[in-house]
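There are two complexes below, and they share chain A, which is joined by chain B in the first and by chain C in the second.
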Partner chain A sequence: MKSNKRLGQRRNIFIFCMLLPAILLPLIFTYYPLIKGGVMAFQNYTLMDIKNVSWCGFDNFANILSNEAGVDFGQIAKNTVIWVVVSLALQFTLGFALSLMLKKKFKGAGLYQGLIFFPYAVSGFLIGIMWRWMFNGSNGVINDLLMNLGLIETNVGWLAQKETALLSCMIANVWYGIPFFTIMITAALRGVAPELYEAADMDGASKIQQFFNVTVPSIKSVLLMTVLMRVIWIFNFPDLIYSMTSGGPANSSQIITSYMMTLVYSMDYGKASAVGLMVIAFLAIFTLVYMGATKYTSED
Partner chain B sequence: MKKFLAILLAVAMLATLFAGCGSKEAEKVTITMVESLTSPERTATIQGIIDKYEAENPNVHIELISPPLENADAKISQMLMNGEADIIEVRDQTIAQYVNNEWLADLDPYVAEWEHKDTLSEDSWTSMHQLDGKCYLVPSGFYQRCLYYREDVLADAGVAVPTTWQELLEASQTLTDAGSNFFGYSFRGGSSGYQYIDTIYWSYIGVDKLADPNAGYYLKDGNGATIFTLPECKEALAYYKELFQASPSDSIAWAFSEMVEGFIGGTTAFLIQDAEVIANCSVDMEEGTWNTAPFPIGPSGEAVFPNGFGGWGMAADCENKDAAAAFLLYLSNPENNATYAANHAMVPIHTNASDFSDAFSDGYFACYSEMAGQPAVYRHATEPQMYVAFATFKTEADAMYQKFLLDEITDDELLQWLDEFWIEAYETEGQLW
Partner chain C sequence: MANNLNTRKAKQKTLTVLKFVFLFIYLVVVMFPFLWMLTTSFKPSSEINGPVDYIPNNPTMENYINMLVKGNFGKYMLNSLISSTFAAAVATFCGILAGYVISRFNFRMKTPVYLLFMITQMIPSFIMLAPLYQMLSKAGMTNSLGTLAILYANMTIPFSVVTMSGFYAGVSNSIEEAAWIDGCGYVRALFSVIVPLLLPGIAATAIFAFMNSWNELFMAVMFVDMDKFKTITVGLNSLILKYNIKWGEMAAGTVLALVPTMFLFGFAQKYMIEGLTAGSVKG
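Take a look at the complex of A and B:
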């Protein structure tokens, strides 16, 4: 009896030990930084002088929102919305189109698939540097291409003009993000039962009717989830902007998360954490609204 | 039996472990050194000096850590916070942060005993005692700017090499031919572009009007008044915009690599940069097509630019201070420093550097000798980097200057913003020079 109890205790300890990494790792690497960041948002925390950290209430938030820092937060918020909506719409549309092309097997499909997915395997910063040189106003390949096609007469400073800086970053972002949708949607499309299309064919449904009445409903849950994930990722993807324009010129391509990076590089961790907390709050609210509006459930 | 074998094995392993600790290896002192301006060539030069030192001092091991350039300073900060580094690379951009946080040890006691201290240049002494009057680093060299110009283009156009800012503007305007995608000047409007307008302000004002060469935004005896209310600053801003107009339009976003590429790639005729670009030009441009000249002189009769530096500091909580200081000074002796400075196109820290290398008085470096020979004309000043507010300023200033260049704000609005920013910094943090 006693040995059975000891065996049970040992088993419980063993199970606990096995679970420990799964408990500790998220605590250390996710929740501790999150809580620490949350605390820092209410502190006057700058790496220039960490000996004098003090509580400052909502000063960091007030400072950011009141444009005291010489940065127009309204413009940054507007840029962020444009950045997310335009990038998402184009990534989704083009990614979906490519998925439909990849759905059926054809000769060289593997190679084509590899080429489509390639950008997704490269670091965002590297992609940004590559596009920065392509968009270079003096020696960039894009100006050269457009001149040879007769579309422009003189060089255009794509990243140097307020009107084109954010647009150029979005073009790079669309190119970078298409593979994500292609990967996810292709996998979902291949899971749709062929019998559904055969039945639709027999009922005389056109290809467009099949698309809207068979394809889309069958992969609805994947579409809803990928769009949600992508919104969060694009929102949190300052890498391209930071490496292409650093948010310039004159903050015309600055989005909230690239602004947060700027604050981190200025060593003002207090203000950067305040922006981070605002991003978390916004995305949490957006997710709840999105889930409610789309009536998304795990059974979808 | 199994239990006995397991215990035996554990004892054997422990014995081996303790045996290792007790060997001569344990007496070996390990010094952890972290560099900031990492590049493969530079790491190789430093490693060469380390190898030489370790051969002469077998009881010392120098562990060189070379983080990627982009986040090296963040890595150094982390290591200093955690007490993991002994010798770190300190730069003019980072020294204020390290000193504010009390991460650096005072090297004065070691330098006082150093056999080579008498050959240190005046600039070296100034940079060593830039903050608090204590010696927080021994510099490894100076990044002084000069004017790079296209010798062939100027000869073809019959334009003389500019010696003043005004001549530079006129020459740039003459040579600009936007239709052929050729421009006078490699403007820097992107990251850290504010450093360039600062040199123009100071060259218009003159160093003697500044509160301190290391607090270049404040006026002498001004009790916190800034230079931005002076008429010279307004004139300098007007000049700055004209110079931008003689540059490629996209140079409003140019940072280091774009401005250098603009010159090397044949888009611009003039470039103002540190000596490190000499190496790039030597590799990518034909001899005779380019040359260097002294920094342009302003209306004040002075050419004022920062004497940018990098160097080596010792962590305040370094456990083997004597050993670390010994290596730090070895690294900085005239021979090693001359090798290092010559390999990486820096101005050396010792006055007798030319005894060890010809690189400092010949060819493209000749302009530096010329400038060093006229200390009343070629002078140094820098931004008030000792202020905590400077970190914020660095990230906001470029956008404000870009707004000015794009006519979104006027010169008065820009100067007012600069004035208010630095008056507030003075009121909050006090006089720090």
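Take a look at the complex of A and C:
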């Protein structure tokens, strides 16, 4: 008994020591600033006026929501929803379609996958630079291609006009996000037992029936998890917008997290933190509702 | 009957052809932006500002020379390399340790610890920037590659832990249990028996952490303003903020930033994908 207890103690000490290095940095450099940021949301904290920081209750939130901060919050909320829903829907559909084509390995499949997965390894900031140059209004290659195809007659200032700025960012975002879904779904598809398809074949199920009755149920947990991860990720992804349009022109491509960035850069930390808290609250509620609605658990 | 089978076969064949046509078109769409950046980087500015040419008429190294010599991009790349290498080493080491106990042991705080890592991936990093700036400037830690390295390690630790625990899950328990019975302590069993088996996965984890650090922009912009500590992303950022962007130099800088990523990804792609999917597919 005694030696068992000592063994248990040794085991606990071992577990603690193994976890400590990995926990220490996030506690200091993520969680501590996060809590401080949460506090700042209730202060009129600006770097311009650092000597006069005081509590201001919910003023920052009220300011932002009532558009007193000089920005139409309704428009930003609308842009954010469009940005997330459209990007996600297209990334998911195209990524899934591509996975179905990659499921059966073919000659050169390894090289092909390596090439098409590459954007996943590049930062959103660099991707944004590349697409900004392609969407350029006067010397851009996209205008040239579309004119050669006869789809447009004169140059279009894709990123310079209100009607097309968000759309252009979303095109780049879809292009960027397909590999993630393809990687995850292809792996899941290859894990489905072939016997299931053989059985369905024997029963005379068509390919479409097999897709809905065998494929989708078998990889349901991966589909649900990747969609949730991606919603959170696209929401928190202003990088591409930052390097393509900086949210312009006239906030027409501004989403909530890129708006938060502009607040940080204008040194209005109180308001920036208030926006940050709103984002966290929204995503937490969304995650809970999503998990409840899909009955998704990590054990699935 | 035979006729039916024939039409079915023909249909199958058309579908396969269509599939490869689609796959080819998609490959072109994926590669095009990179190739376009590469082409642009070799064009003199006269060609860039004129009508669009798909192949440079007078290819030149001018943009690269301008970036590396006048633009100080060699120094920026070195700074990125130093901070990212250090961050990757720290994050991978933390991942080896914490990933192991998370995948192999049951303990009371397991779920909270796991959540602690997962939540860091869900919060917008911008809410931390302002308080971090305050913290670091009070401590005199801004404008330092060491600070960037620590922040990047912090940024990449959660993913490294989760990925490593996925790799451990793919190795049978019986291996280290045999080592324990032979009288090995926990630590020795891990480092002399398990770690050698997982070297490819460990390399992939390290490469992933390196690439994420190499790619990072917003913290570097916020915490570095002296030229000698700038990273490559900060260098590119100051170019893109200019009113009149020189796209030839911009393209050369982007290519310089892409090259290490390309080699590392090519090298570790297979294992990185394995690590990315291991946890979720089994889960």
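The criterion applied here is as follows: the second predicted complex is superposed on the first by the 278 of 300 C-alpha atoms of A that agree within 3 Å, B and C clash if a C-alpha of one lies under 4 Å from a C-alpha of the other, contacts with A are read in each partner's own complex, and residues count from 1 in each chain.
Definition applied: a contact is a pair of C-beta atoms (placed from the backbone, for glycine too) under 8 Å apart; a residue touches a chain by one contact, two chains touch by 3 or more.
Just so we're clear, the structure is a prediction, and the values are computed from it rather than from any experiment.
**Q** After aligning the two structures on chain A, examine chain B and chain C and state clash or fit.
**A** In the arrangement built by aligning on chain A, the partners chain C and chain B clash.
**Q** Going by the contact rule set out at the top, does A:183 touch chain B (first), chain C (second), both, or neither?
**A** Only chain C is touched by A:183; chain B is not.
**Q** With both structures fitted on chain A, tell me whether chain B or chain C touches more of chain A's residues.
**A** Partner with more touched residues of chain A: C.
**Q** Identify the partner contact of A:285: answer first if only chain B is touched, second if only chain C is, both if each is, neither if none is.
**A** In the superposition, A:285 touches no partner, neither chain B nor chain C.
**Q** Per the contact definition in the header, classify A:272: touching chain B only (first), chain C only (second), both, or neither.
**A** It touches chain C, and chain B stays clear.
**Q** If we overlay the two complexes on their shared chain A, which of chain B and chain C does A:245 touch? Say first, second, both or neither.
**A** first
**Q** Once the structures are superposed on A, label A:131 by its partner contacts, choosing first (chain B), second (chain C), both or neither.
**A** second
**Q** Touching A:15 in the superposition: chain B (first), chain C (second), both, neither?
**A** Only chain C; A:15 stays clear of chain B.
**Q** Thinking of the overlay built on chain A, is A:139 touched by chain B (first), by chain C (second), by both, or by neither?
**A** both
**Q** Of the stretches 55-63, 73-81 or 343-351, which one of chain B hits chain C?
**A** 73-81
**Q** State which residues of chain A lie in both footprints, the one left by chain B and the one left by chain C.
**A** On chain A, the overlap between the chain B and chain C contacts is residues 136, 139.
**Q** Enumerate the contact residues on chain A facing chain C in the complex.
**A** 11-12, 14-15, 18-19, 21-23, 25-26, 28-34, 36-38, 40, 45, 98, 101, 110, 112-119, 121-123, 125-127, 129-134, 136, 139-141, 143-144, 175, 183-184, 187-188, 191, 221-222, 225-226, 232, 235-236, 239, 243, 257, 260-261, 264, 269, 272-273, 276-277, 279-280, 283, 287, 298-300
**Q** Residues of chain B touching chain A in their complex?
**A** Per the stated touch rule, the residues are 77, 81, 96-97, 100-102, 178-179, 181, 189-191, 248-253, 255, 258, 261-262, 265, 267, 388, 390-392, 394-396, 398-400, 402-403, 406, 408, 417, 421.
**Q** Which residues of chain C touch chain A once you look at their complex with the stated criterion?
**A** Listed in rising order, the residues are 19, 22-23, 26-27, 29-31, 33-34, 36-37, 40, 48-52, 90, 93-95, 97-98, 100-102, 105, 107, 113, 116-117, 120-132, 134-135, 150-151, 153-154, 157-158, 161, 186-187, 211, 215-218, 222, 233, 236-237, 240, 247, 250-251, 254, 257-258, 261-262, 264-266, 269-270, 273, 276-277, 280-281, 283.
**Q** Which residues of chain A touch chain B once you look at their complex with the stated criterion?
**A** 46-51, 69-71, 136-139, 154-155, 157-162, 165, 245-251, 262-263, 265-268
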